[in-house]
Each structure stands twice: as structure tokens, then as C-alpha cells.
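What follows is a set of structures to go through.
The two complexes that follow have chain A in common; it is paired with chain B in the first and with chain C in the second.
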Partner chain A sequence: MSEFLQNLLLGILLGGVYALAAGGLTLIFGVMRVINIAHGAFLILAAFITYSLWDVLGIDPLLAIVITTPIVFALGWLTYKVLVAPIRTAPMASTVLLTFGLALVVEGAMGEIWGNNSTAIRPSYGDESFTIFGLFLPKAQLYGGLVAVLVLAVLWVILTKTWLGRAIRAAAINPSSAELVGIKVTSVAALVFALGIAAAGAGGAITGILYPFVPGSHYQWIARLLAIVVLGGMGSLNGAVLGALLFGIAETMTSAYVSPSWATAVPYAIVFAVLLIRPQGLLGTRMREDTVMA
Partner chain B sequence: MSATAPADESVPATPKRSFLEPIWIGRAIALAAGVLLLLYPLLSDDIYYQNMVILSLIFAVGASGLNIISGFAGYISLGQGAFLGLGGYTVGVLAARNETVSPWWWIPAAGVVAGLVALVLGFVSLRSRGPAFVIITVAFLFLVQVIAVNWVSVTNGTAGLTLPLPTWDRDIMNWPFYYVLVAILGAQLLMTWWIRRTKLGMGLIAIREDETKAATIGINLPVQKITAFMMSTFFVGMAGGVYGYYLTFIDPRGMFSILISVQLVLSLLIGGKATLWGPVIGAFLIEYLNEYANNDLGGGNIRLFLFGGLLVVVVIFLPKGILPAIESLLNRRRTAGKAGLVGARIGSGGSLASITDRVQVVDRTQIPDRPLLEVKDLRRAFGGVRAVDGASFTVPEGSITGLIGPNGSGKTTIFNLIDNTIAADSGEIWLAGERIDKLPSWSRAHCGLGRTFQLTRLFGEMTVLENVVAAQRSFSVRGLGKVAVSGAEARAAEELLEYVGMRAFRDQKAHALSYGQQKLVELAQILMLDPKLILLDEPAGGINPVLIDRMSEMIRELNSYGKTFLIVEHNMPFVLGLCDPIHVLARGKTMASGTAQEIQSDPAVIDAYLGDDFQLEEKKAVNP
Partner chain C sequence: MSYVSIRRGVTATAAAGVLAAALAACGGDSGGDPDGPIRIGTSLPLTGEFSQPGTAAEEGYQVWREMVNEDGGLLDHDVELVIKDDASSQNTIVSDYNALIAQDRVDLLLGTFSSLLNLPASAVAEKNQMLFVEPAGGSPDMFSRDFRFLFFAQQATSDMQGKVFAEYVAALPEDQRPETAAYPTLDDPFAAPNVAGIQAILEEAGIETVYEETYAIDTRNFDTIVNALKSADPDLVVHGAQFEDGIGLTRSMLKADFTPEMFYETNAPSFGSQYSDGIGAENTEGVFYAVSHSPDADTPGNAEFVTKYEEMYGTAEVPEDAADAYAAGQVLHAAVEAVGDIEDQEAMAEWLRENEVDTILGPLSWNDDGSPTGDFLIGQWQDGKAQIVLPPDAATAEIKPGWKPGGAG
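Showing the complex of A and B:
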């Protein structure tokens, strides 16, 4: 029983980090109808940048988020302006291919800069843990999960409590009408894209402490994030959080009770099953296709 | 070569072509390339280039297969590489267990396995489209890879499988691989060509352009799509089998690498989707670049830069691919300085008498007094909104029935429920004594239902003629293999186009037409179904007064030939002058039914819809 609770706890902490990264992906999809396949690549890129900050300058990896996230934010903004904006009206499958291409380029760039060896960020508290009621609480996991929840909360406040958030939601619901009431949709879109990727960046900085990574890890990550977003309902932030928690738990449990090598199959199986059985996900709603088609 | 060009021999009156036309130059180039490909191993024994050509051939088969589902049917897949891998593994596993049998015997089995697995993906395509489908294909690829890693007893896991070495004379080296692959590619191209010129191919293109609409004009989506998926992988699996044998060693990382799928998608995109030769040209080009990056630039990360960068560049700058880009360039040169046809005057229309083999004037007294369409207690909710909330009405056989009501009263939704563009929550729909509410859209079309859309939905990339011929009046598996546009069909379609006044636009792409012109073509398209009941959604909306008159004239004339109509329309003079009976819809229910007179004087209808000041006669007086 305590072993089960232990796994549940680890799953929830992991879910918090997943929620942060997946929140960015779902935000981008919700506003722009772009499935950003490069999301995982930006996440790993942030992990590498954090690694360098920690390794070369000795900055604590969790504090380094303050530096990493703005860098990734800028990269996201640039990506939108240079690559995504020119094909905004193209079919959605085109943007999938485009961002997939971008993911490959980022993977190649990371391989050139940091090499293809397994990299790990190991802060001094990396091996320490708290013990509460007989349950282990690894410090890295706990701090990582807390920081993730904090960043996610900031994101949530921005989206629901500020003018920018309202503009973003308006642009998501009806871009042309939003334009008519004075929202510059392209600027909002660029901002959202950058914000979404920054969230992935923050998530990447945290996961760098939890797992070792290589440039090619981004495939596994995008599979996870897509599974989460698809599970929760594409475009729904609440759905992403719920999906992330469920997913974190499912992955930890499979790893503990089945085998770690099958745990890698969990995201793919989830994507497959959800898109077939309930394509709108847990919290997504199905749009009226007949009126949207126009 | 173009995706939308009709099969040459079946369309009458194509202008004579000179041998200096681009199409013949293209054919000469293809022939020369084919001969060169056949002779190449005899002329050169450079192993480096022979290897490159062999790999190019494999990827050409893969990309050409992908073309069938991505180019024709519009389902982009990043999982195509999995079928090369499955083919390789089929041969690898079978060869490891039967050491006395030559691996060549397992090559067809590789095709069968790939085809069967594609069946699964085909079923997936019934439930998800667009980006969701792309994601599923990626998940599919990785899932297959994870299985190959974990199913150690069969696949030997990450350690991989070693295939027997070739037993033939070292002098001929790679010739068997080479020529078997050339034969497989030949078969693949033949199949692609065949698909393109049959009903199957035409249906796939209709699915690509507008899947929901395709279903309403009688195209059987599941059979078409699943057939296409299986056909798109059979030869790919075989090529994968040869690939595995050629490599003599296979492992999950190599065989199910996402980069192979990317290479296939790139080949297709660069060469040109929905073209015959595009994927082949693309595959040779990309494989050359791949080898160049691997051998001269250091491979690894450079290869990622190359593929990733190319994918980005192609999507942004060359979305159509090389061949279509050349084609449109030639087209622009040919038509330079000529006035466009799309502005031509709409014809005044031919008489229906010219299509007497299809339609006959019916004696009014012979029409049985019974409902042709009967809708009982139909319901559909969108979340909490009950758009259709227990609507019941009948359409008498031989009538022109009107369906009116305020905006949002559920008229279009009822149309969508009747033709299954949206599934009803509950209720019954009877057409000519047959219950159709459990049938899919295409079967309803085959039962005699034809429907136009409020915002016209034509297949934009098809010509006007192809749009009309795309309608399928019945379905049979054998019918899929029939030539896409037969002479008789082309004649019938031209007559219908003549009738609606759009014959002059026969060879225009549908997206070039104006809204009003599209309405007329859409009418011709559903007439091709020879429907018993025609549902028209706002036939008079957004078109000029002359055309409105012509529209009601045509409706009357078609009605005299026995066609029954159900019309949704806001133009009251049009409805009241044409329709009897008229049903009035409010809040998703029928609130009144009757003749034009009865409706106009019904206080409830005036209150809910027409308004106190509604006076038909006065309006007519204002607009002479």
C-alpha cells in the first residue's frame, strides 16, 4: 500500500511538470490551431541551456529558469514571426510538417552544440529527500513540481485575469471578430506562441534535473505532451492539467508495476485510444462542424 | 499528370495535341529515364551509386504509396516508414525461422502483412482527420517500434535480426535487388496510374477536397479509404522486404526511424502531391541529398539540418511541389493574354427534353398520394442548445414543399440530419417508405436523396465537369474500378450543365466560379444522382433577380418531371409563389403547416416570423 502511495505521489509531482509543458502546447493550439511538434525540442533546448548555466556559471538549475525562460520566449516569438506567420492560412497538416521540420533542425543544432551524449543536471540536493509518513519525497522532484505549479498559476492568472488574457481568448474564439474590436490578432498570436514555448522552456529546465536527456529525447517528450493534450481535450488548459496528472500517474504506475520499457508505449497507446474513442478528449467540447466550415 | 485532369480518352472534343507539347516532352523524359534505370547496372559497376539508386527505388515505392493516401485522399501520414519496416521484419522473421527457404519467397508475404496492418490505420482514418490523423500516424510508428523492441521472442529486440547473405554469384552483386525493386516500382506506378483514372481515384480526390460533402453525393467513405490505405502499403511492404534482405541486418531503431517517414513525406512534397512521377523524382532527389549529407558533410546532425530545413522550406515556399509548379508555369504561359472564362455569361439553359433517357414528364394524376419524406420527432442538441427539438413533418410525393422559419429555428440542422451530415440524437426519417435514419450519408444518396448546401460546397480543385461526374448514384466494389469519367457520364453531365446554363464553364476549376455559378453547378451535381427528393438550402440566397427567376423556373420544370423538392428559403415571394405545402419551424419544432395562403394568414406565424407588416402583394408592387 505504501509503495502504491509512493508511486502515486511521484506520479502527481511528475504530472505538475507535465502540466506546465503541455499547457503551453494546448495554449498554442487553442489560439492558433497550430500543433507545435517542435514543442518537445524547445523543452530539451531549455534543459540544455539550463545545464550550461549550471555547469559553466554554477547557477542553481531551478533559479536558472528566470534566465532560461526569457531566452526560449524570444526564440518562440522569432519562430512565429519567421516561420509560422507566413503559412497561417495553410491547412493544419502543413503546420504540423513545418514544426516537425523545425524540431529536426533544433535537434541537429543541439547535437552540434552539446553533443549526443546523455546529459544530466545534478544539483547538490539531487540525491536528498524528505520523509513524510514513511513516504520518500525527493527534493528535486518536490521543488520541481512546486516551481511548475507556480509558473502554471502565473500563466493561468495572465489568461483569465488580464486584458491580454481576454484578447487571447477572443482571438482564439473568433479571430476576425477579435480583429474588428481592435485586437491585433497577429501580435496576440506571436505572443501566445512565445508564451506557450516559454512554458515548455520552464518545464524543460525542471525536467533537466529529474531525467537525463539527449537531443533525441524530444521525440519522447512531444509524444508525451501530445498524449496529455489529446487526453485532456485539445485547446483546453484545464484539460491539459487533468490530462497531465492522469498521465504522470499512469506512466509512474506502468513503470513500477509492468516494466519501464513498456512505459514508453503508454503515450502512444493513449493517443491512439483517445483519438479513436473520444476525439474531443476529456474536457474538450465538439464544435458544430456545419457552422464552422463556412 | 495533374491531379484533376480527366482521363484523356473519355472526354470528347479535346483539342489535338502536337508532339512538341509539354506532355509529350514529359513522356519522352520519363521513357528515357526508365530505359536508363533499366540499363544502369549493366553500364556501371560503381557500388556507391548502385547503392544510392537501390535506396532511391525503395523510397520511391514508399513515397508513391504514400501519394495514394496523402496526395489523392489528403491524409498526411508520418507513419509510412513503418510499412517499409514491417516488410523488412516480415522477411527477417520468416527467413530466420525457415533457413532452407530463400528469403525471396517471403517478399509477397511482406506486402500482405503491410496491407493488413494498413487496414488498422484505414479504420483509424474513419474516425480522425487532418492534424489528429498526422499525430495518430506518428503514435502508430512509435508504437510499432516499441513493440519491435519489446517482443523479443519474435524480433530479437534491440539486438536485431540478421538475414541470410545472398547466395548468388558475386559477379552480379546487387542486380537481383536492383531489378526486383524496379519491377516493384513499376507495379506501384501502374497501380497509382490505374487508381487515378478510376472511380476510386476520383472518390479519393473528392474526399480530400471535402469529405462530408463527398459522402452526401454517394461516395462510400469507409470502403474508399480502407481500400486506398491497403493499396498504399502493399508494394511498400514488398519493397521493405527487399530492403531488409539487402541490408542483411535489421533492428527497430533503423527500420522504424521517424527519419525514414520524413524522407518519404519530403519526397512526396518536393516532387508533387497527387502526381504520378512526382514522388519518384522526389525520392531520387532526396536520397541523393541524404547520401551527400551522410558522406560528404559528416551525416548525423547535418542530416537532421538537411531534412528539417528542407521540410520547413518546402512547406513555406514550395507547397505544391516541383511537377505541379512546372505545370502551372506552363499553364500561365499558355493562357497568357487570354481573357478568363469565369466571367462568361451564364447560359440561358437548355431544355430538359434533351435528357429524356433519364427523365420523363410525369402525369400528375399518376403520382400516388403519399409522403415521399416523413420526419418524425427528430431531435438534436448541441451541448445545451436544442437546435432541433421534436420536429415532425412530411413532404408529399411530387410536391415542392417549403420549410421556413426564423434564423436559428433549426432549418439547416434539419437538412443536416436528413442527409446525415450531422447524426440525429433521436427520431425517425422515412424516404419512400424506407427508414433511412440509420443509414450513412452515401446510402441515403443512393436511396434517392440529393441535397445542396447553403454555402455551396464544390470540390474546388476539380473542374466543373468532374464535380458533376463525381456524384455516384450507386455503390459496388466493382464499380470503383470503372473509368472515372466515362463517355456516357461526360455526356449526361454536359447535358445537365447545359440545362443549368453552366456548360461554357465545363473545364474551369470549381473554386474559380462565383457563388451564384457554384449554386448552379451544385444543382447539376445532385441532379446527376437522379434523386427522388431534392433538398435545396436557400437556392435564391445571394444570387441576382434574373437568376432567382431562372431558379424557380428550373425547380418547376424538374418538378414536372417528377422530382420532389424540399426548400429552405428566406425569400418569401420565392417560397410563397413556389411551395405547397409550407412548414413553419420555430425553436426546432414545426409550429404550422399549410398552403401559402394559410401560412400568410396564420397569426402565430406572423407573430413568430413574418411580422405584422408582411404583405406579399405590396412587396411585389415595389419591385417591378
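Showing the complex of A and C:
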């Protein structure tokens, strides 16, 4: 029983980290209908920035989030204005291609700046754990989970309790009507894109502590994050959290009770199974075009 | 034959003649210029998952090119490298090697990094009957295809790389020998046979296997695997790893406070300071690994290679993959000089099958299938520094028993 609890705990902590990384991706899709393939690259970029702050300036990687997040927020805003805005109304495939190209450019830039060597952020608590009732809780995962809760709570409050959030939701549901009531949809979109990337920035700091990374690590992240967002329902923040937790638990339980060789495959099988029953994902809503297609 | 068909025939013949002349002008050993450089093509994983070893391999090739050119070149021609980036993709590497041969029209080829990429790349070379000396593709699967142009420029295939370590453990006095062992292994054509080779020898010696699992290449979270390892409580852990997973599993072991008496890991510990930075220098104490190259080895040309590497890249800490790439260049160099003609690549392959080549890794020789016939060195981290501990005649330090995380640095 204790082994089951231990694995469940590890799965929840892993899911927390996934939720932090996936939150921004689903936010960007929910408001803008842009599938940001470069999200994983920004995550790794944030990890590299965090590494430099820790290695050169000696700033604790968790505290560095306060610096990293505004930097990647600004990069996200700039990316939107320069690259995404001009093709905002183009078919979704165009933005997929654009952001894929952007991911390659960011990867190349990271290789030039930091090199292609594997990098690890190792604060003193990076390899330590709390032990409670015989169960070990890796400190970095726990802190990562807490940061995830904090960041996602801030995003939730912004989206549901503020005028900005209402403007964002209005722009997402009906951009034309939102324009009519005075919401500048392009500005809202730039802000959402930057917020989404900033969430990836916080995620990058945590994942950089947990796992070693190279510029090319973003491929693995974007595959997982897209699966999580699809599982939860594209555009749903709550869905991303639920999807991330399920994904994390499925991964650890498969590793523990089936085989580690299936640990990265079974969660994707669960995504397929869920989509067969609920094509819109666990907490997603069917879009008007889905209804027409149906 | 009608007028039309005669005209078509003349036109076709003329076109073929022009094409043949054009191809002859483009081909040859130096792009049509008898005094021009010899062009050697390779595609390396400079980006993507294997970018770290791929970059190191490129450095090794560049050092080799520089030293060969300073020494008068290859058959009195300067060497020019044509290097493509396959982005760690099996699909891209096939198109890269096809392009090197058909479009860039390189004179010679050198291999890429990892069995995963050398498997398809060597098939392209074999199809085009071009010599393919590769620095890092030791999977036994590489050499079960009856290829005639493929040669591996390290001492042993991956299933034999841990042999010296396994035989050392098996021969330990009973009170010092581990009773149980665990084998977590990356699903990889290099790591899996490496661990299987060790496991076979240790099981034969009566060391019980208490954990044996393979994990997927995109595994990043090792906490669950380590939780299972901890429950199995082995005396010895033999971890079949590349680099990042080697760091990841070791850090998870530290987090779970799981420190077996003896720890052997493939690949990752041979990455010098990148490894000690990854897990913490203080946690490296006593970790065993197999390695092909030692910067301190007394092999012909090794000191010069290390000096040149330091001059070009600013550090004397030579990555193993750079040394392996350099050795691949040495093997190609020896075959070309022995045959004296880059056109007859079959003769080069025959020469390699029948001769031994002195390299910075030591003397290399090959079986008919291109697999090498030697033994690997065994390294151990001691006091924050990588030492060679086996075989005794190549050792730079005595073996220290036990993995003692927190005990060095």
C-alpha cells in the first residue's frame, strides 16, 4: 500500500510540473486558436536563462522566476507583434508552421549562446527529499508543484475576476462583438500570448532544476504538452490541470506496475481513448465548427 | 529505323555524352582539380537530442583535419570536411548521406554519432560502395548485415564494452562480491547490449538479478524507476544509459537516498566535468564506467592530439566522442595512404580487414564484419577526477571499492 501511495504521490508531483508547463499553451490556444509549437522552446529558453542567473549571479533558481518570467513575457509579446500578428487570421496550419519554424530558430539561438552541452541546475535542495510517514517527497518536485499552483491560480484569477480577464474571454468567445464593445482584440491577443509564454517561463525554471536539458530538449516537451492540452480539452485551463495530473499519474503508475518501457506510451493511449469518447477532451467545449461538422 | 528515331537516338547519345563529360568533370578525387582538396563528407547530430556528442564528434574531426593538413595532407592533398547537421533524425541522415554522395560528390565518407544514426547511414554508404569508418556505433546490430565497407573505430562492440568490468566483479573474493544486481536500461541499440553483456557474465558468476527493466528513450522522470530499484535493494546497479538519462537516474537515486554498494553506468560518466556538474562532483566518488579513450594514455599521437584539441577548443578536457572521431579519421587516413588511391574503396576495406591501425585509442583491428577485436578501458571516478582502473597495464589508479556519494569533490 505504501508503495502505491509513494507512486501516486510521485505522479501527482509530476503532474503539477506538467500543469505548470501546459497552462500557457492552452491559454494561447483558447483565446487565439494558435497552436504554439514553439512553447517547448520557450520553456527550455527559460531554463537556460535560469541556469545563467543561478550559475553566474548565484541567484536561487526558484527566486530567479521573478526575473525569468518578465523576460520571457517580453519575448512573447515581441514574438506576437512581429511574427504572429501578421498571420493572425490565416488558417491554423500557417501558425503551426510559423511557430515550428520559430522553435527551430530559438533552438539554434540557444545552441549559439549556451552551446549544445547538457545543462543541469543543481541548487542544494535539487537532490533532497522530505520524508513523511516513510514516503519521500523530492523537494524540487514539491516546490515545482507549489509554483504551478501559484502560477495557475494567478492565471485563473486574472481570467475570471478581473476586467482584463473578461476582455480576454470576450475576445476568445466572439472577437467581433468584443470589438464592438470597445475591446481592442489585437492588444488582448498580444497580452495573452505573452502571458502564455510567461507561464512557460516559470515552468522552465522548475523543469531546469528537475531534468538536465539541451537546446533540442523542447521536442520532447512539446509532444507531451500538446497531448496534455488535448486530453484536458484545448483552451481549458482547468482541463490542462486535470490532463496534466492524469498524464503524470498514468506515467508513474505504468512505470511502476506495467513496465518503464511503456511509461511514455500508455499516457498517449489514454489520450486516444478519451478522444474516442469525448473528441473535445475532458473539459473542453465543442466549437461551433465542430457542431457544423457533426 | 525511322528518321525520327534516328534523330532521337543521335540526340540521346549526344546528351548522354555531354552528361558523362559533365559528371566526369564534377567527379574524381578533388572536384575535377587534381591539385584540389580531398573532400570528406559526414553528417552529425549537431542539433536535437544527440547534439552534445555530435558537437564533440565534429570537434574531433576538425582537430584531425587540422593536424593532417599541417602534416602535408592526405596523399599530398589538403583535406576539406563537408559536414551536415542531421538534427538527430534517422530520416534526415539518410537524405544527408545521399546528398553528400550525389550532390556534394565528396571523395570519402566518415561516420556519424550513435548506433541509431549509423545504422541507416552505413546502409547508404554500403549501397554506394564507399568506405564507412564510424566513431560511435557499437551496437552488434550494426555488424550482422554482411556489410563490406563498414568499420567501427573503437576497441569493442557495445555488448563487449563492459566485459572487463564484469570479469573483475565476477572474480572478486566472495565476501567482497555483490550478491544481487539491478539492470535499469535505456531502450537504445548501444546501451541495451552493453548491459546484457555484463548481466550474462555476472549471472554466470552467481550474482542474482533482482531488477531488470528497459525504459523508453524519452523518459525524463526516473523517480518511479528508482522507487522500484530501492525496493529491490541490489548490491550493484548496472545502468545502461546515454547522457541525460544517466544524470537523471543518478539524481533520482540521490533524492530517494538510495546508494547501492557498487554503481556502474554506461556513457554518462565518460563526459568529464559535464558529468560531475550534472550530478555534483561530490557524488561521483566510486562510479565505474567503460571508456574508449584516456587523455593520459601513452598511445601514439595522443599527447599531440590533446595539445591540439586544447589549442583549438580551449580545454584539455577532451570529450570521449571527440577522441573517437579523431581515431576514425586516423583509421581512414591509414587505409587511404596504404592503398594510395581514393577511388578504390574496396581495396581500402580489404586492407583494414587484414591490418592493424595505431590510433590514439590504442591499436585497432577488425573482424570480417567490421566489428573491432579489442577490449575497452574501465574508468572510475576518484576524488572528483576520472581515472582508468582496468585493465591493469593501462591503469592510472588503483580501484577504490564502493560508490560513496558525498565523498568527493
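Here is the rule we use: the second predicted complex is superposed on the first by the 264 of 294 C-alpha atoms of A that agree within 3 Å, B and C clash if a C-alpha of one lies under 4 Å from a C-alpha of the other, contacts with A are read in each partner's own complex, and residues count from 1 in each chain.
Basically, a residue touches a chain if its C-beta (ideal position, glycine included) is under 8 Å from a C-beta of that chain, and two chains touch if they have at least 3 such contacts.
All values derive from a computational prediction rather than experimental measurement.
Engineer: Regarding the shared-chain residue A:R122, is it in contact with chain B (first), chain C (second), both, or neither?
Structural biologist: A:R122: touches chain C, not chain B.
Engineer: For A:L276, is the partner it touches chain B (first), chain C (second), both, or none of the two (neither)?
Structural biologist: In the superposition, A:L276 contacts chain B only.
Engineer: In the superposed arrangement, does A:Q6 touch chain B (first), chain C (second), both or neither?
Structural biologist: In the superposition, A:Q6 contacts chain C only.
Engineer: One more residue to check, A:P212. First (chain B), second (chain C), both or neither?
Structural biologist: In the superposed model, A:P212 contacts chain C only, not chain B.
Engineer: On the A-aligned overlay, A:V230 touches which partner chain: chain B = first, chain C = second, or both, or neither?
Structural biologist: In the superposed model, A:V230 contacts chain B only, not chain C.
Engineer: I'd like to know which partner A:P260 touches here: chain B for first, chain C for second, both or neither.
Structural biologist: second
Engineer: With the two structures laid over each other on chain A, which partner does A:M92 touch: chain B (first), chain C (second), both, or neither?
Structural biologist: first
Engineer: For A:F100, using the defined touch cut-off, is the partner it touches chain B, chain C, both, or neither? Pick first, second, both or neither.
Structural biologist: After superposing on A, A:F100 lies in contact with chain B but is clear of chain C.
Engineer: A:F130 in the overlay: touching chain B, chain C, both, or neither? Say first, second, both or neither.
Structural biologist: Neither chain B nor chain C is touched by A:F130.
Engineer: State which residues of chain A lie in both footprints, the one left by chain B and the one left by chain C.
Structural biologist: After superposing on chain A, chain A residues 107-108, 111, 116, 219, 223, 261-262, 264-265 contact both chain B and chain C.
Engineer: Which residues of chain C touch chain A in their complex?
Structural biologist: By the definition above, chain C touches chain A via 46-49, 51-52, 54-55, 87-88, 184, 187, 213-216, 218-221, 223-225, 227-228, 231, 243-244, 247-248, 251-252, 254-257, 271, 274, 277-278, 280, 283.
Engineer: If we count contacts the way the header does, which residues on chain A are in touch with chain C in the complex?
Structural biologist: Against chain C, the touching part of chain A is residues 3, 6-7, 10-11, 14, 107-108, 111, 115-118, 120, 122, 126-129, 136, 138, 140-141, 210-217, 219-220, 223, 251-252, 255-256, 259-265.
Engineer: Write out the stretch or stretches of chain B touching chain A in their complex.
Structural biologist: 76, 78, 124, 127-128, 130-132, 134-136, 138-140, 142-143, 146-147, 149-150, 212, 258, 262, 265, 269, 300-305, 307-312, 315-316, 319, 382-383, 412-413, 416, 421-422, 455, 457
Engineer: Hey, which residues of chain A end up touching chain B in the complex?
Structural biologist: It comes out as residues 35, 83, 86-87, 90-98, 100-109, 111-112, 116, 219, 223, 226-227, 230, 261-262, 264-265, 267-269, 271-272, 275-276, 279, 285, 288-290, 293-294.
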